[in-house]
Structure formats: structure tokens, C-alpha cells
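Working notes, beginning with the structure itself.
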Amino acid sequence: MQTNFTAAQLADPQVAESEKILRRCVHCGFCTATCPTYVTLGNELDSPRGRIYLIKDMLENGRPADEQVVTHIDRCLSCLACVTTCPSGVDYMHLVDHARIHIEKTYRRPLADRLIRGLLAKTLPYPGRMRAALTLARFGRPLSPFLKRIQALRPLAAMLDLAPSSPARSSMAGLGIPQASGERRGRVAILSGCAQPVLDPGINDAALRLLARFGVEVVTPEGEVCCGAIVHHMGKEDQALDFARRNVDVWIRELETGGLDAIIITASGCGTTIKDYGHMLRLDPAYRDKAAKVSSLAKDITEYLAGLDLPRLDAKGVTVAYHSACSMQHGQKIVAAPKNLLKTAGFTVRDPAEGHLCCGSAGTYNILQPEISGQLKARKVKNIEATKADVIATGNIGCMTQIATGTAMPILHTVELLDWAYGGPRPQKYKQKAAS
Amino acid sequence: MSEAIQFLPPRDSVMSRRAAIVTDLAELLPPECLVHEARELVPFETDAFVSYRRLPLAVALPKTTAQVAAVLKYCHRYGVPVVPRGAGTSLSGGAIPQEDAVVLCLSKMARILELDYANRTATVQAGVTNLSISEAVGTDGFFYAPDPSSQLACTIGGNIGMNSGGAHCLKYGVTTNNLLGVKMVLVDGAVIELGGKHLDASGYDLLGLICGSEGQLGIVTEATVRLIAKPEGARPVLFGFEASEAAGACVADIIASGIIPVAIEFMDKPAIEICEAFAHAGYPLDVAALLIVEVEGSEAEMDAMLQSIVEIARRHQVKTVRECQSATEAALIWKGRKSAFGATGRIADYICMDGTVPLSKLSYVLNKTAEIVESFGLRVANVFHAGDGNMHPLILFNANDPADAAKAEAAGNEILKLCVDAGGCLTGEHGVGIEKRDLMRHQYSEVDLHQQMAVRAAFDEGWIMNPSKVFPLDGRA
Amino acid sequence: MLTPHTEADAAYVIRTAATDGKTLGLCGGNTRAGFGNVTETAETVSSRALSGIVDYDPAEMVVTARSGTPLAEIEAALAANRQMLAFEPMDHRGIMGTGGEPTIGGVFAANVSGPRRFVSGAARDSLLGIRFINGKGEVIRAGGRVMKNVTGLDLVKLLAGSHGTLGFLTEVTFRVLPVPQTAETIVISGLDDAGAAKAMAAALALPVEVSGAAHLPQTVRHRFLSGSLPDGEATVLRLEGLAASVSVRSEKLAAVMQAFGPIARLDADESRTLWQEIRDVHPYADNSQKPLWRVSVAPSAGHQLVAALRLEAGVDAFYDWQGGLIWMRMEADPEAELLRRFIRALGGGHATLVRASATVRTQCPAFEPQPDAVAQLSARVKQKLDPGGIFSPGKMG
């Protein structure tokens, strides 16, 4: 597509990169069809092609962001289904990242929006604050119906609705990391995460047990922080890059001292961001190479397990609806590995219809855009329930939280099912649901 | 932006009342169904024929036939041009607006209304995408046959507007052969129904006239289309040739032998490379031309047909023959082919031609096309429906270089004239739109065009509907 | 009757008539004389002297012929190359008691299609291009000679089926298809009309490419294949294609159909005769003037329509196109209003009075009356092609 940038504009490396991305778009419109917001709202402005055009217009004219542009960019889930669909290879992810940074720098949001975004940015990435917030939320939940009546406060209501009703506890609390058994097959770091250990510590517990069982030594290096995805998607670039640099330091140190075969991530949302560290820090000469190294080591747990050649088990008589998180299938292009692992472990796997569509979780989207998110959740749940499976498996905590609020079907992380199949305990959530 | 093709000058009577028109439209539509802020109009300024752009006055996104009727009635009363739009995937600029126009975009009307298997019909709103019909009926053993390459995104309303074809219409026909009925709004807001679940028209075949009328006769809001039982199996086979001529002659011989495959697609070397890079479908990279021939039916039938086709291909010195082994492989082969235009965007900007020529002229037109494009110092990739002679040369250029863009347009015009001179036509399935409008006199006489325009006037006397398209601006009645 | 020998002559005749305000009836071989509303015209122009195949390259599967070329001549030329008209045009002479020679122009002007229509399309779907003379005497070219063509408005479709009321066809270009290597027909016996509708719908949902689906009730069964069809009502399903494929599909189809009733098979020759008789409405080629209707409705509605009518009128009927095409002979009164009311009640469609006595024809509109908005639109379209209204005014309503 034709672009109109001056040489001066193109001197800014971010603008130069966006220009390259825009040049690839041929405006064919294929992306509209797989975009969750377009299929929900039916408006070009809420499609990837429409947003690309809005961004192009804003950047070409060197304009600050305005209410209209912000409205439509905010509605983007960053699910990246469009990137999977695009035949021309338009790197929408980095284009919309740029737009979000531009918005954050040039647009003053209404007060309520600023407050809620500030609250999220200051809570979610920090496990301690997150735990405290969840405790508060349990007391605040009765307020939710009142908050919903006021448009500006709907995000707060959404947040309260999403908070689990009882605190989650690690089954291995105080036991430490299990020792690798048998022949040693690798040494990896695992991302502890920020929101996930608070919401569902069982996921990493299962991953640790499973890896240990197959001879993989797992370390959790000191000093690791949130991957930065949450603030990155809000356009809070400085905070995101700060998180990224701290993690790069931690993992490079571990790599140089003990050696690392991989950095294992059990939340695909985080994985997509960590795999992008190399790009995020490309303009920082001190970190560029280290960040690229970290990105190359980053592996989703299923990606890593696929390389271990786990033994084939007998059929279990358990049917699993596999929900592929957007960050998994579109962000990281991991499509077959999780399903193959489940099948090898004896599960029957079903693909829900419209698997390419987002469940509406999308980081903080279900809090900031509760209406669209709710419609997407309902659509997703309907498709999943139509599979008549016994249990839902997925690889991202955000989807788990989101989908769980819409269905009575148990929902587990893929690695929890795998751990169970290969000798671990039957997952708590499956037991509860199965019994009830 | 290119300027060679003119749009109608905006009507003063409309431009002077812009604000009032927006206010009036706001009375007719819910707030989420009207776009009028300057910033938000920009993404509607073009479709997939991105060389030309015009901002509209407003965009209406109706949710019901009644809203479409209300908007049309209003625009008719005040002489406001209306540009219909589905998904905006037109390659001929059919949905490009003009400054005094209201874009009537049916993207919010995207519900499947009824699937009737006893009568093998689907009734859908016009904004439903082509592919979603086949997806909705696929598990029950049916499909909707016309399959334009943009079927993932393009809408049935748009397909009717352009009488869209696709790779598989060699056997099943194009939109007009698969359309049974429509509900449509005439320019004065009257809602009529043509056809239905029964066959043939009771009077004049207005349905046949509507199909392919490029949004000039009214706006279709619902359509009833024919469903077909899915064949037991389908198998695409790749045939690689060392020369385009051999591939072209092979196509003609296959058809002449009395075998009608469901699809015969042609790609030349540049196209093969582009598509392979995107889809990793396993296209042979060491050949000059590739045919994708698909047969369908029972295993026995496919084997029998393929045997004959392979024999014919051998007579034309086929270099590689690869039968597809699995459904996944077949899907990849088609994904590569159907993404060809978009995937070309990875290496350059392009404009896509759509002329159709008699089969016996394929090789001649291919060679001439190469000569023409070369004479302008540009490159071309060819990927098209060979079985029905529908060519799609993609002329590659640099959109940021105005001289290059002008050369591409000029080369395109020459290629289309070549198609007409070879006994073919300007457009097989993309429509005339704005792109080929000024070439219409190359195909039709003044009297022919006047007759078409007269019939058009039976629907829209005041040239409200998509008025800058299809018919040359000069010499209009 | 005027029989111009060239297109230019024809244009002159029409131009003169337009100037003089003289009405013209247009025809080919006039084998459908008496079709449509009764009209009086000052003169009749026939295309029969505009004869001959202009261009036929079997490898292209496209034929161009002058409009007055006898259908028989076209079919013979095609047969010599093992090709055919996919839409199986019927011969109206039997039911209408007319003589003359059907022409290719007449076939397209009346959009005449036979049993394969519901899968392969109507005559209009095979028609690629035309030359015609409008009501001003201008020669107009529309469409072309390639299968895919969306260049401008599709006047080809408009002229197809306009029964000589919009223009005088002088040349037609149409697509042809290879003749299937073989054919076979499966007969399911003993189904009532409703049961047959179910069986045919089931057959069409199978991936076996049924290319003919008709139901011949007890009253007409003996009129086909010289009475040699098995006892009981006959529901007939045709398969065509490569021999190897037909036998496989036939097994599959029979396996499903035997749940509906006893199965018999007809070979290629019997099959050809049977479908030709269905095409030409053999049972009602009865040298009578009894009102004969051709009704097109949704396939599932066909038998309901007939059942409803039987309660109130003397009706004999059989079905083609999976039940969606009903040939219906009335014992006495055409019962047009009743019939058309039921059609509307059953979801829509249309009934055309193909044959009736002269008196009946003057009282009963032959074509389905249209809603006002559509009728007005049709009238405007006619006015744009024939501004003076000289071509058979009133013939189509």
C-alpha cells in the first residue's frame, strides 16, 4: 500500500519500522474475517484493516492520538488472528504496539480510564499486590451490580466478577522444587509469573513435577519480575522495557553461571512477550543481544515437552476440548504440539469450532472492554460446550480465568492434564467438578 | 494515489448540505450504525483496489432491511449518491466512495437466516461471508459452490454485485448460476423479493440482471442460494511444465477430451515462488508453469479421471506430477493458490487484471502479456483459472513511485484490450468497477452501452447508485 | 409472416414497424404458438431464415449460431462431437399440438430447460452471448463467448425467457458439455407423493450427483416407456458419467434408497428414452385442450400443493426437478386463482398456463402475476428495450 512519510518522519526508527509494515499491506481485507471484534461489531473501524488505516493516517500526519483512534485501537484484543490470516505478512503486532505507545504518549485519557489503567498496571504485575487485591475483591464482589450501572465503572465490576471466590493455594507450598529423576535431560529456568501463581499455583506445580519426572532440572532464578505483557499492551513502554531488562539480566546471569537449555513459560501470553524481548529492546545497544538470546531460549512448556518425546500411553476415556490461546496459536504459532502431547498421553482431543477466535480474555481486555469481552466469551463457551468434552485444556491463565466464569466444564492447563497422565495427582479442579 | 481515472464531480446540492445530511441520517440509524467523524471515514476511502481513494460523506452500517430502505429512500429524495459495500474486497474499486456519497455497508447484516436441506438452500443476510455458508453446512454434507479467492472475507452481497466466480466454477458455475432469490431495496426504498426456493423467474429474469450489476440497480439485503451435496472426495494434483505454452495446450486438451475437472488453476514461475513462500504447499519450484487440477467424486471416479488427465499431460511433456496425499495437503495447496494475490504483497504492490479469453488463445495471450509488461519495464506474475480462460496477471510495481504506478495502469489497460481483441472480455469475475470503466468502449459499441444504460435507468433514473462505476462518464444519457 | 434473411434486414423491418407504430410478434419455428397471453400483432417476424452455425470449436465447448438454426441441426452437430446442451431443452410440439421446427433462438427466448435444469442450470445459464434487435431497430450485442464475463449489465439473462417481448434474437452463443459416457436410472416403486419427496431429498443430499429426479404417480406411470416401468408409482433417479463411476454411485444410491421401497434399474437406452419422455411431458401430449400448468415451487412444497388442489379440483400431475417442477393437467377449469393462492401459501413460486382453449386463454393470465413493485419494474425494463411497445404487447402481462 502506498504511504506518505517525509524523510524527517522516517528518521524515527519506530516510524520507519511502521512504514515498512504498512507498505506490505495490500488492503485485501482477509484479516477482517478472522478478527473477533469485526465479527462481533461488523464495523471496518474495528477490524485490523481499519485500524491499520487509522494508524497509518495518524502516523503519516504526525498527529497526536484522538478519541476516535483510541476507541478503535483500545477495542483491539491483540489476539493476532489477523497475523495468522494475512497472506502479505503484515506485522500487525508491532504496528499496534507502536500505536499504543503513541497513544500513551500523546493522548490524555478520561479520569476514570486513567485510574483503572493505573490500578491494573500497579497491581497485576506484582504477586503481593495482586494477592491483596483479590482478597479485597472477594469483599467487594457484592458491589459489582451497582458498579455496572455506571459506564465508567464497568471495568471495576468486570474485575470483581473475574476474581476467584476462594484463594488458591499451592499443593507443594514449602516443599520446594522437585528433584529431577533418572537420566538428566536438560536444565531450564521456569518463569514463575506474576498473576498466575496467585490465581492458580497448581499450573507451575504440575510443570515442575512433570519436568522433574522426565529428568529435567528446573531453576527459578532470584529477581525475576513480571514479563511486562500487561503494561506493554497498555502502551506503557518504559515500564514494559524496565521489566524486560530486569528479566534479561536475571536469565543471562543464570545462563552464564549454571547454563540454560530453555526458559520455560506456562502462560502463553507471557511467552509471546518474552519471545519479543529481542525486538522490544532492539534500539538499546546494551541489551539488544542479550534480549535476543533470551527470546531465542524462551519456550512454551508444550514446545519444550514436544522435544522430550514422551512415551505413548493407553487411551484414558477422557475427552479434552483443546482451546488454543491466541498468544499460543497466533502469537507463537504453536498449533499442533499441545494437542499431540495430549493425544500421546491418552486423551481424546476435540477442536471447538471457530478455534481462531479469541475468548475475550486478552490480558486486561476483559476488564477494560467488558461488553465485547462478554460476547466473545459467550461465543467461545458455546463452541466449546458443543464438543461435549469432559474437560477443557488450554495453555494460558487468562483464558482459564475468562472461560471458567462462563461454563461449568472444568478447565485445566494442558500441563496439568499431562502431569496427571504421567503419574501426578489428579488435578484438584477436575476432581471438584467431576464430583459435583 | 493514481489520478488517471476520474470520479464524478461532487454534487453541489449534496456538498452544501453535508451537515444536514449527517443529522438526518442520524435520525434514521442507531448511533453505532453511522460513521461521520472525519478521522473515522478514512478507512472507508478505498477497497482492495487501493490505487484510488475518495473519502465518503458518511458511512451507514444498517442492521436491518428497513434501515437500508430508510437510508435509500432518504438519499433518493435528496439526490445523495450511494455506494454499496460488503467487506470492501473489490479488486476493481467497486466499493470506492466519492465525496458526496453515503457508503451503505452491510457488514452488520451477517446472520445466516435459514438452512433448508430438504430444498438444498441457504437464506442469508447480504453481509454473510461466502466461506461461512460452506462452513455452516459442511458438517451436514453440503457446500456453497462459488469460491472466489477472497471467500474468507468477501460477502454474498458483494458476490452478487460482481457475479463472483472462483476456482471451482468450471464445474459448478458462478454466482448467477447458484443464486435462487434475493430480497432487495430499490433506489426509492421499496423492498422487493425476486425468486426464492423455486427455480426460474415468473416474468423477466430480473434476478439474472441484478447479479453482476455492481450495486447500480439497488441493494440486496438477503439472498437465497443453492447448496450442493459435498462430493465424496476431492483430489488436487500438481502438474509442473517447463514452458507455459505446454501448460496452456494441456488445459485445452483436457477440456477437449470431454473431462471437466472441478478446477484447473495455472501459476507461472513468479506466482509459484510467491505462493510457496507463504503457504509451504510443496509446489515444485523448478518448473516454468504449474497446473493445479482438481477432480472429485468417488475414489474410482477420481482414479479414472486422473489417469486420463495424466496421459494428456504426458503428451505435453509434463515434468512433475504430484498427487496430493491427504486432506491437509489439499488444504495447503488451495491455501497457497487462494492467497496468491495477498501473498504478492510480500514482494511488491500489484494490480490484478481479470480478463477472460477463449481457451485456444491462452498461450498467445500469456506471451503477449509478458511482452506488454516487459515493454513498460515492469514484472508480472500470472495465476488464474485456466479451465475457463479467466486470466489474472498481477502487474508488480512500486506504489510509492507515481511513474511506476502510471506505467502499471497503462500496461494493465493494454492487457485488457488484448483480452477483448482475442475474443474475450474485460472482466470475468471482479467486475468493471472504476478500474475498467473507461475501457468499456473497447468491448461494446456506443449503442450497446446505451442499451445497458437505458436498462439501468429503469432502476435508477437519477444515477444515485454507485454512479462513478461501470459506464464511461462521458456520453451518459 | 416476415422471414428476414440477414440481421440488417431484420433491423430494417423492426425499425420500420417502430416508426409506423406497427406491432410485431417474434418467433423462431413457432412451435410454441399459443404460449403466453393472447395478443394481436400486425405482423409476425420469424428468425427461421437466419440459419446456420457460425462457429463451433468442440475444444472450446462453445457454439455460436444464428437464431433461426433448427435445434435438430445444432444437436446433430454436437452429437457428432459427443457434446450436448446440458439443459436438455424440451420439445413443446407434443403438448401444444403444434408443428414447425424448434429453433435455437426460440429455445433461449423461452428459456426452455429439461430435467437436468435443477443441477446443471437452465438454458439461460448456458447462454453466453447474444445479438438482438431492440424495439428501436438497433442491433445490440450483449455478453460474449467466454464462460466468465461480468462486463456490464447482463442483458443476456434478461433476454433469455423474455418470449420475444424485449428483442429479436439474431445470434446466440452458448456453452455445451461433453455427453456423459453412460447413464443409469434407479426406479423406486410404490411411494406416494410425500414419500417420493422425502426419497428425492435424501438422494440429492448424497454425494452421488443425481442428475434427474422425477416422481411419476400411478395415473401417468403407464404413459412412460410404453408402460414397462415396474408396478406402482415410480420415483426415478438418474446417474450419469464415466461408466466406472456410475456403477459405484448406483450401488451407493440404491443402498440408501432401498429403505424407501423396492428398487429396479434402467440401462442407458431405457434411461435416455424415459428422461426424454419426462422432458417432453409425454403423458399430457394428449391432443387435448385441457388446461396444462407448469408450476415451479420449492421441491418440498410440490406434493403439498398438489394434495391441497386435489381436494378442490380435478388435477392430474407429475413431478420433475426433485418435486419442484409440477406438470399439472386440469380436468376442466384451470383454477388459476386457487392454484396461485396455494402457491403463495406454500412459500412462493410460479405457475404458467402452457396450454388451454382459446376462451380460457383470454380470461386467464398465462404468467404468474407479480407484486406491484416488481410488475412496474418489469414494465419499465420493457419500455427501455422496446420504447414503442411494438413486440407482442401484453404477451407476458
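Lettered A, B and C in written order, each chain numbered from 1.
The criterion applied here is as follows: a contact is a pair of C-beta atoms (placed from the backbone, for glycine too) under 8 Å apart; a residue touches a chain by one contact, two chains touch by 3 or more.
Here the structure is a predicted model, which means the values were calculated and not measured.
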Can you figure out the chain closest to the middle, judged by Cα centres?
-> B
Which of B-C and A-B has more C-beta pairs touching across its chains = B-C
When the centre of a chain is set as the mean of its C-alpha atoms, what distance in Å lies between chain A and chain C?
-> 61
Centre distance in Å when chain B and chain C are each reduced to the mean of their C-alpha atoms | 30
How many Å are there between the centre of chain A and the centre of chain B, using C-alpha atoms for each centre?
-> 37
Please name which positions on chain C make contact with chain B in the complex.
-> 57-62, 82-83, 111, 113, 117-118, 121-122, 124-125, 134, 138-142, 144-158, 160-162, 166, 177-179, 197, 201, 204-209, 241-242, 244-245, 248-249, 252, 296-301, 321, 324-325, 347-350, 352, 367-368, 370-371, 373-375, 377-378, 380-385, 396-397
What residues of chain B sit close enough to touch chain A in their complex?
-> 1, 32, 35, 37, 39-40, 42-44, 46-48, 50-51, 61, 87-89, 105, 107-110, 127, 129, 131, 150, 152-154, 278, 339-346, 349-350, 399-400, 405
Give every residue of chain B touching chain C within the complex, in rising order.
-> 116-121, 141-142, 162-163, 165, 169, 173-174, 176-177, 186, 190-194, 196-209, 211-213, 216, 229-232, 252-253, 255-256, 258-260, 297-298, 300-301, 304-305, 356-360, 385, 388-390, 423-432, 436, 440, 443-445, 447-449, 451-452, 454-459, 470-471
Can you list the residues on chain A that touch chain B in the complex?
-> 1-3, 23-34, 38-39, 41-45, 49-50, 53-54, 57, 66, 68-69, 72, 85-90
